[in-house]
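Data block below; observations after.
Residue numbering begins at 1 within each chain, and the chains themselves are lettered A, B, C and D in the order written.
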């Protein structure tokens, strides 16, 4: 919970709670409205790239674009106004994203360069991450995140090993199939290996020699079975985190929380503690 | 278990037990016969769309279609007759499905529009869900369902994150590959990204620039490894649910059921309780 | 362990132990030699279908084929000779497979029909399952099998639900894309849906309308995430079985086995029992 | 930790610690520099196979190649100089790899044969495995490796079963689709089956008869669902290993380590032991 400085005006405090906070009902409603605006505005940018849509609804989209730019501009000014430390906000990650996501529309007036502005306008999406601060308050997101952090080292080792396998297989396939059958260079051969080992299988490059097809078969089987590894890592960690989470929640007898995971009796009232479903016992 | 109203006739009660119930042997047999009729009738609709079959067996299929329509019509009337509250049944989900699944055949007499009627006739499939009430009584279905409900929030967060990744990658690929290489618009680019990230890989649109192929490789590796996340979530929940289910079953010493998961001794006879296989102990 | 009848000759008993048994060293060696013969003989059948190989080594392969047929014929006769109940063996699954796998070569002398004989000759493969009786003695195979049997009901429910999803999506895609874009009938549309939902993605039929591509994207995401379900089911069961297996093995203090999974003390010597790694405790 | 022989010179000991060791700060820095050199040198080999790059930067790459060969040559000589038993190092796996990875550049002076030298030059990659000795000290790598060793027997049984399924399906598809639809031989049919069962799905060979498409659909569903098996195996083992690892770390009360997994009280100070998060209790 943000602890607002004492000398703020009532208006600023209220605005701050609504715009930056997620604890109050008004704050959550504001976040939802903002999220809808972001999604709509990004959807328009996407749809505008379809030629048929651009031809027929181009004008409507341009007007809507300016409406959203107006809303986001007002929002940016209000955020600046009500933040405790304006300079701190303006230089923060979300402050920069907020500014950057409204600039392209204004810049497009002076420098008409479609693709460049487009790429930046889609940056607006990152603003959704702000709204997602909400998610941090859902324990589910927390558990997922902790499990991913816990397993990141093992996943790194996994990807390192996969990279080596990909490299070795790419060189072999480059030598076996050769440039005249689509494997024009080792980087291209690596693209093929990744397409194969991840079981994507576009079919734009395929092995044509019997030996190449045999090696490709091995590559597929490797890719098919090593998928088990990151899944296994994450599942094991997630299972751990879920148990830990539940332990923190339990202790239902007297309402006290935060016992050690190996505590047998509540350290507050002395009644036996309920343990997690995965290891229920005395 | 349905508790039939006291003032029903014996016939109505029996019919209700057979048609709506799944506890009696006759009720289960009725459900199985009904399921076979539904599957056969839907299969005919499907096969009829094959031109060769339609030419050769079109007449036979049309006759069979009318036979099934007759059976389903009789069934609908009997259901209406024996239900405790007819209006309540007629407006219920399954009441509407039952009616809708027999209407197309009659409507086709007056409005001959093949595709429209077809789409509705396949709605019959939803009637199978009624028969599937059976499944609710299999604890297996129960566990699966509970695990899915328990993990639905985490899965939602997962899909939200995947959507953001898909959007960012689509914009990048649209800018990198461009309209002249198949990425004609961002929505089309999103289609490609989903084809790639789910490791489907049709190959109808493939990256052709070296940079595009490098980004595609990253997309594949992301898709390949994030598959671990929903699997991990569901496995952890399922494991939990299976343990909980087993706990409810155990308490074998005196036949009593329904102890708290943390109970050490049977609350009926005082002997030590058998715990789940995942954490067997005193 | 087979308990041989008392009135057998010494020779028969020894032969039976070698040919049918897997406990003795000679029995295992026999099984390994037999397995190599089966694999070699099947490999020859496979390689013979490659036109280039057939042209160059056709004669060699035909001779080798007769050598293997000879070996398998002798083996069949010896099996018949040394089995306790000859008629019982001849009518058993493996007895029929043994006979069927040598017949095609002899029949080919009178009825020269390549494909027909080929298909049967490959039945020899099933003989490998006999040798695999070995696997039954590896606890690993046992655990896998038990876990699969335990989860078969849940997996069935899963496949039933997938079938319904496939059917609904097929009808929708047939209506949306239509016969002129490759979706010539609903069965063909089902083939496309299965290709997509299992993330195989051949690309021989692909959606071409924007709506079709949107529905295809949803299909892919469904297929991508429901993969979690059978994995979750099997992992949870396997985890259970592994724990149970370990419990049966433990009780190391006095060598006694087969305690209840919830036993705290060895029921033979009274010392505390070692429990499984998943739930180590007092 | 390497226990250096007493009669070594100070220089040799220091060099050995830096070059072979990974415990000291200097040793780790050396490993990192070496790893960067290996990665750069291999990257150059890869990029050199792109025709455009070869034409424009061919000379620069050749010079860089000689610089790296020089560095690796010096490293090899120093390793020989400072190893306790030179002959033992020279014949060890890494000694051979070190020598082999510098030879191609020298041999290319006398025998200019591009592909042959290339394939060997990429062997340098194996030198990275030496640097990866580092990983052995990360408990994460250890757990992954142990889990894979523990599950290797089950995985073998899995792959054996998959091979049988692939073979049977290949023969069926060869008979059903036949040589005129791309299934020219059983080995080619096996290639198709592996492409399908691993859900890669290139689409270079696709079933065209209705029966073939039906069998292909079954193949896909099999491939899709058996993926659950290796994942389940590895996850269960990994979960076990993680618990075991944690048990070895715990015993926090008095700092003593290495208790039996079933120990209730610390065998050093007698206080109750903290057990793993998966089964926390007294």
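Here are a few things to note about the model shown:
Basically, contacts are C-beta pairs under 8 Å (C-beta built on N, C-alpha and C of every residue); 3 or more make two chains touch, one makes a residue touch a chain.
All values reported here derive from a predicted model rather than from experimental measurement.
Ranking all chains by how far their C-alpha centres lie from the centre of chain B, first place goes to D. More than half of the residue-numbered contact pairs at A-D reappear in one of the options B-D, A-C or A-B, namely A-B.
In this assembly, the C-alpha centroid of chain C lies 29 Å from the C-alpha centroid of chain D.
Centroid to centroid, with C-alpha atoms defining each point, chain B and chain D lie 41 Å apart.
Along chain D, residues 187-188, 190, 199-203, 223, 227, 231, 233, 235, 237, 239, 275, 278-279, 281-282 each make contact with two or more other chains. Here chain C touches chain B in the complex through residues 153-154, 157-158, 164, 167-168, 171-172, 174-175, 184-188, 190, 196, 199-203, 206, 210, 213-214, 216-217, 220-221, 223-225, 227-229, 231-233, 235-237, 239-240, 243-244, 247, 260-262, 264, 275-276, 278-279, 281-282, going by the rule given at the top. For chain B in complex with chain D, the touching residues are 199-203, 231, 235, 279, 281.
Within the complex formed with chain D, the residues of chain C that make contact are 42, 45-47, 49-51, 115, 118-119, 122, 125, 128, 135, 138, 140-141, 143-144, 147, 155, 159, 162, 187-188, 190-191, 194-195, 198-204, 223, 227, 230-231, 233-235, 237-239, 242, 272-275, 277-282.
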